[in-house]
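In the two complexes that follow, chain A is the common piece, with chain B as its partner first and chain C second.
Take a look at the complex of A and B:
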């Protein structure tokens, strides 16, 4: 994945060095990545259990709308208090995300609905809620501080990008260094064996979807940090895009295998390609062709390498058996 | 008549050599199949049996050596030409279509082979019925295959082979999933196949059965052709020697349990409607208790009730004198029960994960340090110690379990259980699909664990295995414990008689 990222970066640098290497363009890649990246990480976590979460974007919008509405109404009555309450309002946005995840988790782990259907349903509900609430209009008046934080940066890196790295890091620690995270991976590999190993699949699934909901909430906050407006249909193209990113990043849709690093790199790659296409003046439609082509190309390479690995593995196993017998 | 056939084998392979990436899977192997005879192909896992079958069925091409069908040299045998020559392989999973009916399954491959454009269900039924009648079977033609028992699935596969005019039928581990009665029935069918002049190849780990049904024997070891001969010239002991290349003891070697007043585990009046009734027994520390019975007798259900997979409806379970409630698997694990499930591939292992990940899978919560994070050092210590203690043969703890042989994979499941330090170890078919050498070693592991003070319950229908390790054997019939064998009563014949009585 890293190779592809570097490769695509090099390609566009070669094609249009002036525009592509322009700090503003690089800045733009880093500004556009975080929200998609966080949602893609959420998608990866759901896929790790062999499930999927289609509702994350809707959850993110709901969280952004909650924050905007609360803040702007408070702002109208008492500006000083609004500024003071801002962190709590943001926290509330995250709680909305968590609640959405709780709802998904309940449907999937206790009721037993297939994740793709449960989250399709909840996506519709959350989307509908958001449209009814906003009347389909774009809301203005999100906390300006948030946007200011979003615009600020450390060492040329936008804060939101740092937020992506931090969130990705935390998720990676969760998945690899906590008991619950490891159980998530095992459950995705073989749910039956997980059950026989005493893994509480309800608890694991519940926390998985709470995590994806929470990440959705984070994404909502990132939406606002990038752009202080919120609407019900923001980022509607992300739903399928993040699946592409997750799979590009090496996530096995059947469950059990995924890395956070892979997903972050895949996010950056696609953003690089997007902005590169921009730089060489190709349209969004051509970019969409490229997206699909990259996905299929990576899958083909993946197939080839698994086959090779499998053969190698078998030969090794045979070799080992021989050796052991001697 | 038989003599005439003997003169010309239906299928003969001579001096077959096959190498995979520098490893000789087959080294100068020869075998001749005679019409109307059963040929037993025996050897440990990985000895080259599967490769030889692949070559016979045209799936793999040999590096050198020759294949003759009806005395005619085959230049290049492809899967298609092999089937056309009447060679059929019945694999362990039978390769049936679960969503189709028995009649459709029996006829569909022959329809495909003649490139029929349309499939006639009624004609299929007639054709299938003819075959079934010829073999004197009772199979429901319109039943969906997924609803059949393992034995009936196998019969369906045999019928399918016959409708394709099979002259050579290779059966890979045909009896592994069958009960004693079903095996007898299968052998009846085999006799009928022989009368039809079909040559059979029988691949099995169960040596008595193989000897009972076969006329010829070929033994492979490490890809080498060890010996071929007439079945009546072999007995179990000599077969075992040829297969393993060493003596394997079948004597009883049992642990000495601590027969204190208080048993380690006491099960009283356990009931589960439709599965078992009024099951009571005790298990002492250091004891290996066998539970045997036919498939469907309730032996697996009892184990699964103790482990909380399907909890019992009434009755009590006590461990160390304390009553425990087992309503979920986690309850059982918490109470100190470890269970090695019947089907290690789907229930026991995470195949694509590493040996280490598998070993630690059941005891993650016990390996936590500050902030709820996992204790990496503790984990690698546990996995490495299990790896060494159970002598798992893999490159390292990070090798994927998929690359291991049956016996080693089973040790990985055992390691997962032992990492939880259970007081009671329940093993359902611990050596199913494991080769003889590995089997002995797994039984040795069980003795060691019992000697460490654990109570071990072995559920098995392998009477020799029970004779080899058990202090006592409970016999289950139709959901009830009908007998307890102790000491000198524990013999293979006794066990077989009791279970089928």
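Take a look at the complex of A and C:
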């Protein structure tokens, strides 16, 4: 993955060095990455259990809208208190994300709806609520402190980018070092074996989707840090993008295998490709073609390599089988 | 007796829900209960129903397709643009055939990737959705065509039944309802009575079992996606005809309504189950709800949330009853992709 990142970076540097290597452009890649990266990490966690979470972007918007409305209404009545309450309001935004995740988790683990359908439906509900709430308009008046944090940076790195690294690190620690995280991985690898080894799959699924919801809430806060407005249909193209990123980052959509590092690197790669496309003047639609093509290609290659691994042992048997099938 | 009325995929329950909703809305707002409303709901169902038939076939075969809207607008827009650029007007049938060819081609792309590499269908079709739409807008054309060929315009204005009564509200039944009814019957016949239809059910039930029973699984999966492409293209042309414009930005984004209709109609996302009757009822139910929320005094902004709630309730009931039947709690975890 790191190789692809460096490769794509080098390619665009070669094609359009003045525009692409411009510090502003590099800064832009780092500013645009965090929100997508956090949602992609959420998608990866869902895929790790063999599920999917299509509702994260809608959750993120809902959380951003909550923060904006609360803050701007407090601001109107009592500016001093608004500034004082700011951290609580942001926290409330995260709670909205968590609640969205709780809803998904309930549908998936207790009611037993397939994750695609449950999150497709809840995406529609969250999105619908956001439309009703905002009346389809863009809301202004998000906390200025958040925007200020978004604009600030340490050693040339935007704060939001550091936030992405911190969040990704925490998720990685959760998945690899805690028992719940381990259980999540096992559940994705083999649900039957997980059940027989005494893992409460309901509880694990529940916490998985709560985590993706919470990450959605974090993404909502990052939306505001990058751009102090919120609307119901912000980032509607992210749903496809984050699936591409997750799969590109080595996540197996059937569950059981994923790494946080892979996903973060994949996020950076795709952002590099996006800004590179910009630098060589290709349209957003050509970028969408590239996304689709990359997604399918990576999955085919992945499939081919796992097949090769599997076949090593059963090479002969398979050869006969294939011949017989023909 | 009650069990018999329920139907094999809960069609009876769905029909009952539909009737209850219609009666309830009619009581709330008597304007609703009229021939005008019925005909307009039927007109509104033309395009979603054709889409739904395609989605039904895919879902029965154990997959899911979210690229059909992209295929539809790609095929229809390209066909109309060819007619426009060539300055000729081949008529609805030839345009539909042209679009169907494009649809088949794009469906073949989906089918080839899915069947040969056995990849998760949702993710592949999400990818091809971006691909098809990107190619359409970047290379075929991004302009809104406001004046499609005259022949389509003629069709758009043709009604098979028009009742103009003394009030200003007339009732019009659009002519395109006829091909849709024919298509519906054809698909129902194909699924129930042909070897191909049986094979789709078999693959959706258990593809390994289907393979051992001697079905050419890869070929049938390809055919399924080609068929969906063709159906989507037809729906796309009808959409362009009814709307009397071809907009490349159209249709994509409304996939959920169609998938919700099919799932509500009793098709199982695990594959192997589903019926045309249920799908028709599901499409009508969503159309009635979309149509009547306004009449019942609910703001349109709630529509999207309402469809989401409907989907979750419908699927939730299915999931709970399936759970009660099998008592195997890990089934949910198996769906994955």
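One rule holds in what follows: the second predicted complex is superposed on the first by the 306 of 326 C-alpha atoms of A that agree within 3 Å, B and C clash if a C-alpha of one lies under 4 Å from a C-alpha of the other, contacts with A are read in each partner's own complex, and residues count from 1 in each chain.
FYI, a contact is a pair of C-beta atoms (placed from the backbone, for glycine too) under 8 Å apart; a residue touches a chain by one contact, two chains touch by 3 or more.
Keep in mind that what you see is a predicted model, and the values were worked out from it rather than measured.
Contacts of A:242 after superposition: neither chain B nor chain C is touched. Shared-chain residue A:132: touches chain C; no touch with chain B. By the touch criterion defined above, A:49 lies against chain C but remains apart from chain B after alignment on the C-alpha atoms of chain A.
By the touch criterion stated above, A:107 is placed in contact with chain C alone, chain B being left untouched. With both structures placed on the common chain, the touch criterion links A:192 to chain B and to chain C.
In the superposition on chain A, no contact is made by A:221 with either chain B or chain C. In the superposition on chain A, contact is made by A:289 with chain C only, not with chain B.
With both complexes superposed, C is the one of chain B and chain C in contact with more chain A residues.
Applying the stated contact rule after C-alpha superposition, one finds that A:124 touches chain C and leaves chain B untouched. Chain A residues in contact with chain B (one complex) as well as with chain C (other complex) are 192, 195. Those residues of chain C that touch chain A in the shared complex are 64, 113, 117-120, 122-124, 126-135, 137-138, 142, 253, 256, 259-260, 263, 269-270, 299, 301-309, 311-312, 315-316, 319-320, 322-323, 329-337. For chain A in complex with chain C, the residues that touch the partner chain are 49-52, 107-109, 111-118, 120-125, 127-129, 131-132, 135-136, 187, 191-192, 195, 201-202, 205, 236, 239-240, 243-244, 247, 253-255, 283, 285-293, 295-296, 299-300, 303-304. Within the complex formed with chain A, the chain B residues making contact are 20-23, 25, 46, 222, 309, 329-330, 333, 339, 341, 346-353, 357, 360-362, 364-365, 367-368, 372-374, 376, 393-395, 400, 402-405, 416, 420.
If you check the complex, the residues on chain A that touch chain B are 173, 177-179, 182-183, 185-186, 189-190, 192-200, 256-257, 311, 313-322, 324-325.
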